Each structure stands twice: as structure tokens, then as C-alpha cells.
């Protein structure tokens, strides 16, 4: 190939994809979020065929594809399955300044884990297996989304 | 089952906003440098079939040959197709409604075989026709951007 | 070793402008469960899943992985394909090769889109080059309008001819419980509807819909066990030649001509007008229903309006086009091509209900999208 | 699958942090020509093409549109897989196995430097339940790493052996981006990104492309004296929500490997596979993937690696190319594993060649935390 254009200053076009989206939570998700917002309750759903309780709730079991009709209220407490303390600073997406922690929490009675933030604990004190409980936002601040739960903190009876 | 039907549907809204830095490649860069510095349009020619591409690209698809010769093409050309855009839609570059009306056109510059997408100054359909000759209107301050360095194309009086 | 492939099951959602009652995952699942019911199979009978949509319509990255919850792809082979408007036929064709390769025997192919979740024109614009095209390109409508104008001028075709296509498809849609738009319309209604981009008016163009569709494809031996009348896939072809919109030869869809020519050749079809009994085409606007019939080889240049007004393309005619009501009456983009294939399969199986046209032995399904790209599938009632 | 379809040509770019001088199409044109040259054929010998790209990475819906001319698809049957390159290769293979085509070109491109990886990966989280939490690939992988280490008692030092080994291997690979001599201590002392993952546990961001050409038996015989036969392939997906899986588990990889081994007639991979190329975006993943592939028992990846088993001169060299830790061009990375495994079988891997390779394994992953996997077995 010829080098008839060697020495060209390579140019870059800086642009973006900026688009408004609106995702419906559907009837099942809306039930979950309105219950969380209005009553501070966390609901899961149980597949009777697989005998599994899912949080977040499902309209259909992803394993057997049967419809799930059974709702189960779950206590706002469970066990930390795993966690990470995030030290990267990405304000464009992260919900908090570093260091902050994510965890996967298995609520008592559930067969799947809920991902959320961890709070009211020093990073060095977080361990897998810790019992944690949900801390909700004040009712007037709750908007019907996953951040109506502020975070999970170490369980205190 | 202890819950009634939900009183409302929850809908999550988000303005997705992802920045990108798209490389223009050597061909695109050289084209835009000539446009920026010399107000010139360059085409790139396939050594196999002789087709002149504007905007330039590295490969002639039908021949699968690397285009290898630069040629200067005119800043005037012919409208091969156009559409006056009156409907509202979201511009995915800004997340905001794109300003209408504007005229979207394919312009074949003199000496080129492919067409350049751009805008025409005229938005009255009665004063537009396929085959009309148009000329590029350049911006005073040019930065190497096809959208901004060429403000639009306007009709050339016969 | 290669094997023959047939469509043995099909399911679709009731297409609507906004299915806010379900998430995308739940929407996909409705179609999947209907396809399984249709074939009288369970999720355990599916060997692999193929899925596709257009990423920037829902803004979900890796939708195949997310969609596992709806497709039943849990602990199964799953693959995503996406080619823009042709995605729906692309997944059907990929399902075909999954089975034809003999690596899998029973494959689920899913197309879906929730167009209510974004601005469809804005999303479409992101398909085009960010540097050279996106700032001026205004979506799909003007390209289709340009295509129509060139064709009309060449052959003296009128807006009324386009309107007749829209009226035919709506009359068919009225018989299809899954169609998005089902109220009958007249030629006058079309001509009086708001002008969007000359000559295309509101009733000449497809709606934006939420919907999903799923096909079940099976190898020869399995297909015969699963259903009495499998819809055999005879041949498939695609032509995706163009990289920029400015490459497109407006006024004649040469990619469709090439893809059809290849498809007929592979299947030994010599006279498509006589040998093909039904067509479900990806017809995004009414005028495409004329010039594209010519590109497909069903009549000579400029002859499509004659066929149309003679009633040949009506549900009771010799060459029924879009007996389901077609794309003008339901357009969940990523699913649209999948629906075409499913509707042809239903016609061949004799199970198209109120949309059934008589004596279907062969049918053609097409996909359209990308940069004026075309996909074609030819199906028949016997293995070939 | 005996001698049905062979790989007859491969091509790669140099993987670099920012290839700002080249467009996606330029990269695709480069590797397409390299693969054609490697196979000793021209584009006219190719009868169909599969491209691999991701619309979010490219900032473009229908990302394949940008490369239609550059991959030589004009007038040919072409399709596009959006997922790891191993899946695109699988679709290319199917098209040949179906008898419809004789020669498939599979080409993948990605420029990780052009988009914002955190925003792009955040878009893989469910928009209804989890996207607002701000998760991205690093944090999600950290949740997996923590779970894996806690469940089995695998140590950070054992995980750190992987970047140490792979960056060292990369010194022999001219295409690799990050070739270097590291110590376990340096990895352990590198800044924490998201515990337990540190900077040097993670792959860099790379731009690049890769092409692989498949041919049926008849064509392969005419094209090359060193065909590399596809012996087996399998792919599989796990549940989507991270909380639905035991993140220390490798169920979908076990499923994919079982299928690939079944087709290849492999009973014991430890006896029958000579070299392995895995998709390890983080050090811990190589340990987990070796468990899923059956090279060691669940939880034993750390001990297995610490025993020197995966070193260049060990019994099962893993990632002689330097792996994904030394060059991570997104979804191209899986296709690179196939290309590298192919070169190993041919004996054409240059300074990174492992002695006496008869059978090689290539692996790709799809989605977050190894939700999906694809496994290839190649032989001479």
C-alpha cells in the first residue's frame, strides 16, 4: 500500500449519544416498587414449580417459564453473600463518593440475592456472612425506585 | 396472594448520555484538514474502478480495493435527492428536539461519484428540485467538522 | 452433516403502541410461551436460543444475556444477532443455520422491540455514521419518501395507488387479532391523512409498536414428530451491500432483487409469480408494496399498480400480499421480520385462522433494514 | 466433529490503548487482508461473512454497517453477531456446517478507547431494578471475586499469579499491548479499584480487530497444508441477575465445556488438551475458568496455578499469548483466543509457541461476571 498520506494528523470527532428513555416496570415491578414506596415493604415472588423465592420479584420463572402468581413478603433483613468496596471515582454513574460499598444480600426466606449499597459500617469491617438490614428513606423521600432503600447496615435487634 | 392490582405503573426515566471519541481515520482526517485549512473538498479514487468517493473512505466495497489517489472535487454540485423535514424528533446527539424545518439533501459534488449528506439553505419545497445546482457555504471559523465548517449548501443561480 | 429445517412453532404478542403492563423481559416471554404452546413443547425441549433487537431503542446492552429470564435460555446456548431492521429475519435465518448445521435440533429464534421506551426516529438516526451522516439524517421517513418519488415519477404511479395498498393491508389486519392497527380505512382516509414527507402520509407509513415474536425451528426428524405440517425452509438469502445512506440507489431496491434472485435459484423457482402462493413482506410504507413487488420479480417494472387494482394481491387474489395486515399495521422493529416468517409458516400450515388464504404450498418472507438491506426466506409445505 | 471444518487463516492488529489513526473499518480491512494472506486466498474465495461488534461500544446502532465494505461483504451473504467473538466464530462455523457455504470470514472489531466503559457496562444492568445503583463491570466483577475467594479460601496472591504470568508471556507476543515483568507484590500493592480487585488484577482497555477464516474440508484441503480442525464447540448462558447465581459457580462454563468436549470426544481435558487460551478480564477469572473447563476441581484454581501448572513450561500452559490481561479489545478478545489457539496448533506462534501442541482450547465469555461462555477445541 502507498504511504501517500503518511504524516496526516489523525482527527477525532467528539460527540455523544444522548437520548431520553422511559422503561416501564410492568405490573409486577410496579407492585414491588409501590409497596416499597408506600409501605416500606419488600416483596418477592415464589415459583411453586421450582420452589424458589425470587427478589426482585418475577412475573415468570426464568428457569421453568411458568407464571408466578404467589407473592411473599420478605423481612428487610438477611445475610451478606458478597461485597466490594469501590475506590474508583465515577460521579457520572456511582451513587456515592468513594469509598462506598456494594453487597449482595440474601433476605431471610429468599433464594436469590438483592444487590444494594452498604452503609453505617467502616469498609474494613465488612465481611461476607454479616447479618444486615435495610435502611429505608423517609417515606416522603421515597419515589418508587430501588434507592427507596438507602442501603443495608449491620443488623441490630 | 395478598396484594391487589397495583394502583399505578411505575415508569423509570433516564437521559442516557454516553460520550464517544470517534476516530476519523487517515482518509477522513485529510479530507477535514483540507476543508478546514483550504476550503477544499477532496475525493479519494479507487485504483480499480475509478470511482471517486466523497466523503472519503479507505475501501471501495465492490472492488475490495484500498482507495489510493486523492483528487480535488468542486465545492459545487448537484442535488440528487432532498427532503424538507418538518416533523419533530429527538436529536440523538443532544437529547433535545432537532430544530425544524430544515432540508436534508444528498449532494454529488462536481468530480465525485458518491454523494455527501448535508443541509440546504432553502426550506420551501417549491424552490427545490432534484438536479438543482448548489454550492457550499463555508463557515468563517473552521475546526475540521463537516457539519459546522460547511454551514449548508445554497442554490447557484443559473 | 447438514439437515433440512422447518418452522414448527410460532408465537407473538398482541402488538400495541405501549405495553407498559410488562417489561421487555416479560414481553419476550409472552411470545416464547405462545410459541412453545403452539408447538406443544416445553422449555426443556429447546436446544438453543437466538435473539435480536436494536440496542439503542431500549438502551439495554447485551440484551441476549438480560433476556435469558424471558427466553428460557437459562443454562442453554444463547446467541444475539443484530442487523437493524433486518434483525427479525436475521434471527430466523440464524436459527435456520443453527439447525441446518446439525449442531442443534430444536431452536428458538426471538425478535422483539419496545419502541415505546425511546424516540424511534432518534434511535434510528444512531444507526448512521456519527461524523458524516447523523447531523443531517432525519430518520427512515425521507429515504422511503425519496424511494417512492423516484418510482412514481418513472411510471406515473399516484398517491391513490399507495393508498390502495394501505387499505388492503388494513382490511387484512382487521382479521388479525395480534395486529396493532385494526380499524378498516378507505382510500380517501389515506389521502386525507396528514402529510409527513411527500408522498408519504400518516396512513401510508408503519406505526411504532411494542411486541415480540418467537419461532421454533427444528431439524427434519424432529419436525415431523413435533407437528403434522411443518413449514419447511427452502432457501434463505441476504444482501447487505451498503455502508453509507449515500451509497443507496434510491428508487429501486436492488438488494431485494439480488436476495430474491439468489433465493429462487437455490430453491429452483423459475416463475415466482406462479410458484409462490403468499407473500409477507417487510413493507415499511405503502409505496414499497408496489415497487418492491417488482424487485421481487412478481411483475415487470411499473406493473405493480395493475396487479393491485385487479385485486391479485388481496387476501382472495392470486398473489396474496401481507394477509396478516403486514408491517403497516404492526411494527415492533426487531420482531417485524420474525413475524413475517411466522405468518408465512402459519399460512403453509393452514393455521392462519381468519387470515388464512387458500391453498398455500409456498410462501415468501422478507426483511428490510440497515442501509437499504434485504433478507429473504422461502418456505414450502414439503421438504426440499 | 472430525475434519469437517478447518480454520485456514487468521489475522490480528496490534492491540493498543488508542488507535486514533484508524476507524473501525480500517481495522477490519487490515485484519481481513491479513487473514486472506495467511490463508493464501483472495476475497473472491470467501462466500460469506460474519461480523462481530457491539452497538454500545461503537456508539452506533447497527454497528456492523460501518464495516460492510471493509470486510468484503459486498454482494455476499453477511450477518452480524453481537456478543463475544467466539460466538461470531460459532455462527460462521454453523454456516459452513450447514452446507450452504464453503468459506466463512469472521471478523470482530472494537475500540474500547472510543466509548466510556463504565457507562457502557452500566447499560448492561436491568433498567428497572438495578441500573440506578450505578454498577459497572469492575464493581460487578469485584462482587464475584470476593465471593469466589471467600467460598474457597482462594487468596489475593494466588489471583495475582495470573497477571504476573500473563504479562510475562505477552513479552513474546508482538500483538500484545501490555508486556511486562511484574511480581506478585507489585500486583498486591497496586491501587484498589474495587476490593478485592486491584489495578494490576485488571485488563487494560484496547483497540483492535481480529479475523478468522473457516473452510469446509474440500476447500481447506486446497487452501492450506496446515488446516486446524474444529473438533468441538459449545456455548451456554447462566441466569441474568447476579443475585440469582452463586457467583463462585461456573455452571454455564461447565455446560459449554461439556458440549465442546462431547463433540470433540474428549474425556479428560487434562490428558488431551495441550494449551489453553481463556478470556480472563481479571486475574481471578482465569482460576475460575480453569475449574469450569475441568483442569482442576472447584475451588482449586488458586492451588493449581500456584503449583506452576499453567506456566509456559508447565504441563498446561494457559494464555501463552499473554491473554486478555495483556490486551482487551472488548468482544474481539474471544476471537483472538481462537486465532492464538489456531497458531499454537499450527506451530506458527513464534516466540510464544508451546512445544508439541496437538490440541488447543480457546474460550470466550459473554455478559457480566461470566454469565455466558463459549468453548472451542481445535486440533491439527
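Quick notes
Each chain gets a letter, A, B, C and D, in the order it is written, and its residues are counted from 1.
Basically, a contact is a pair of C-beta atoms (placed from the backbone, for glycine too) under 8 Å apart; a residue touches a chain by one contact, two chains touch by 3 or more.
All figures in this text were calculated on a predicted structure; none of them were measured in a lab.
When the interfaces C-D and B-D are ranked by C-beta pairs in contact, the top one is C-D.
Per-chain Cα centroids separate chain C from chain D by 34 Å. Mean C-alpha position of chain B lies 36 Å from that of chain D. With each centre defined as the average position of its C-alpha atoms, the distance from chain A to chain D rounds to 29 Å. A separation of 41 Å divides the Cα centre of chain A from that of chain B. Multi-chain contact residues of chain C, defined as those touching 2 or more other chains: 20-21, 23, 56, 58-59, 68-69, 74, 119, 122-123, 126, 130-131, 134, 241-243. Chain B has residues 9, 11-12, 14, 16-26, 28-29, 57, 61, 66, 90, 92-93 in contact with two or more other chains.
Residues of chain D in contact with two or more other chains: 20-21, 25, 56, 59, 68-69, 73-75, 116, 119-120, 123, 127-128, 132, 239-241.
Because contacts link each chain to all the remaining chains, their graph is best described as complete.
Chain D meets chain B in the complex at residues 19-23, 25-26, 29, 43, 56, 59, 68-70, 72-75, 111, 113-116, 119-120, 123, 127-128, 131-132. Here chain B touches chain A in the complex through residues 1-3, 5-30, 32-33, 66, 68-70, 90, 92-95, 144-145, going by the rule given at the top. The part of chain D that touches chain A in the complex is made up of residues 20-21, 59, 116, 118-119, 122, 127-130, 132-136, 138-139, 142-147, 150, 191-197, 239-244, 247.
Contact residues on chain C toward chain D in their complex (touch as defined above): 2, 23, 49, 52, 54-62, 64-69, 73-84, 90, 93-94, 96-98, 100-103, 123-124, 126-130, 237-243, 258, 369-371.
Those residues of chain A whose C-beta lies close enough to touch chain D in the complex are 8, 10, 12, 15, 17, 21, 23-26, 29, 54-56, 62-63, 81-88, 90, 92-95, 102-104, 106, 112-117, 123, 128, 145-147.
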